[in-house]
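The following pair of complexes shares a single chain, chain A, combined with chain B in the former and chain C in the latter.
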Partner chain A sequence: MVVRKLLGKLWNRLVKRHELTVPGHYAQVQRVCQFVADGARRAGFGEDELFRIELCCDEAATNIIEHAYGGEGIGSITVSYQDKGDRFEIVLRDNGRSFDPTTVPAPPDLTTLPPDPQALPVGGFGLHLIKQLMDDVQFTFDARKGNRLRMVKQKP
Partner chain B sequence: MSELAITKESLHRVDLITVSGRVDSDSYTQLEAALDNARDHVVLNLASVHYMSSAGVRSLVSKLRDCKQAGGDLRLSEPSSRVMEVLTLAGLHSLFGTFDNDTTAVGSF
Partner chain C sequence: MTIWQKELDNQIWLVGVAGRLDQTLTPELEKTLNTLLTANQFRLIIDLSQTIYINSGGLRCLVAAWRRTHQQQGNLILFGLTPRLHEIFAMVGFDQVFTIVPTQQQAIQQFTAND
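Now for the complex of A and B:
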């Protein structure tokens, strides 16, 4: 276990991957966002894009707590980012239930208020934001490694 | 804890709620509580909200739904560019009446 961790750290350094693991609490989500935003700033993104990257990390981490773990304090969230030259890659991993955000349908067209206000959906917006703001979003599930969400943003 | 400040002023027919700071999955419960305790005619000033995630959006939609159901409305005053961007991305911007200042927003009721 210790050897695997050390090898993992060495590999991350070799491929210039920066990684952070936090407990699955909503109070930790901002830390995840800040960690990635700091890296994205160094990678050359401007304030508007930093806001969008931060927002996607927020939505992804929140979904892990809410859907994969089904609540706070159940498991941890590991986030990593890598500057890959022409693109910035963010990966979030967890060990919760398999939850593929890429399969969640977009909210219905809400340009006008539905006749019955109760028909307004109050959820599902987060994933919709991620899909719109990232250039590529992929989800994989592995029985041993858990959920892995990869989000890619092309660099300016 | 995400930094968030909320003030509420009860006017004759409208509750004016002013929010500043960051509305995210950690702090949205404060916004939700303020909206739950408001009447059905609400003006929400979001000029100083520098960050809002879908958790905040959910609170707004939920209150809008309740207000509409009761014959009222939730209207936005001076929403920041970040708030407008998130509402637009979520496809919800046209559901909310938006105004340049509190006076016109309150007066619109």
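Now for the complex of A and C:
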């Protein structure tokens, strides 16, 4: 276990991957966002893009707590980022139940819906935002390693 | 970082969000709006000019209150959105749902013009 952790750290350093693990609490979500935003700033993103990246990390981490773990304090969230030259890659991992956010249907197109207070959905917008704001979003589930959400943003 | 509220003329309430409309302030905004709605105040204006961030939880809170005002022939009007916030509202189609105006004065006029 210790050896595997050390090898993981060494590998991260070799591929210049930065990683942070936090407990699955809402109060930690902003820390996840800040960690990634700091890396994205160093990678050359401007303030508008940093806002969008931060929002995607916020939605992804919140979904892990809400859906993969089904509540706070159940498990941890590991976030990593990597500057890959032409793109910036963010990976969020958890050990909750399999939850594939990429299969969640988009909320209805509100521009074509009449503003009927009864018909207007109140949820499901987080994933829609991630898919809109990122250039690529992929999800994988492994029974041993858990959920892995990879989000990619092309660099300016 | 705070939520503030102020009663205006013509039974209109102004609620302001100064800071981040995420887990930090959304619970407090939800509480403030629920208190007003429970007191039968359905003419609400939200000042977002000092709101530096919003996530889907913040959007959810606003749309839930908007629904309740509309069920009672009222409205919840937003003003002062920064371009970044406006982009997020547009991405989920909320710019077509909410009445969004640039200034507080214009928000008040939306209510008083129909009186």
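Note that the second predicted complex is superposed on the first by the 151 of 156 C-alpha atoms of A that agree within 3 Å, B and C clash if a C-alpha of one lies under 4 Å from a C-alpha of the other, contacts with A are read in each partner's own complex, and residues count from 1 in each chain.
Simple rule for what comes next: contacts are C-beta pairs under 8 Å (C-beta built on N, C-alpha and C of every residue); 3 or more make two chains touch, one makes a residue touch a chain.
No experiment lies behind these values; they were computed from the predicted model shown.
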Both complexes share chain A, so when I overlay them there, do chain B and chain C fit or clash? clash
By the touch definition at the top of the document, which applies to A:L129: first (chain B), second (chain C), both, or neither? both
Looking at A:L50, would you say it contacts chain B, chain C, both, or neither? Reply first, second, both or neither. neither
In the overlaid three-chain picture, which partner chain does A:E59 touch, first (chain B) or second (chain C), both, or neither? both
First (chain B), second (chain C), both or neither touched by A:L20: neither
Touching A:Q30 in the superposition: chain B (first), chain C (second), both, neither? both
The intersection of the chain A residues contacting chain B with those contacting chain C is 26-27, 29-30, 51, 54-55, 58-59, 62, 107, 109-111, 113, 117-118, 120, 122-123, 125-126, 128-129, 132-133
Provide the residue numbers of chain A that touch chain C in the complex, in ascending order. 26-27, 29-30, 48, 51, 54-55, 58-59, 62, 107, 109-111, 113, 115, 117-118, 120, 122-123, 125-126, 128-129, 132-133
Can you name the residues of chain B that touch chain A in the complex? 1-2, 22, 24-26, 51, 53-55, 57-58, 61-62, 64-66, 68-69, 82, 85-86, 89-92, 94-95
Hey, which residues of chain C end up touching chain A in the complex? 20, 22-24, 53, 55-57, 59-60, 63-64, 66-68, 70-71, 84, 88, 91-94, 96-97
Which residues of chain A touch chain B once you look at their complex with the stated criterion? 26-27, 29-30, 51, 54-55, 58-59, 62, 65-66, 107, 109-113, 117-118, 120-123, 125-126, 128-129, 132-133
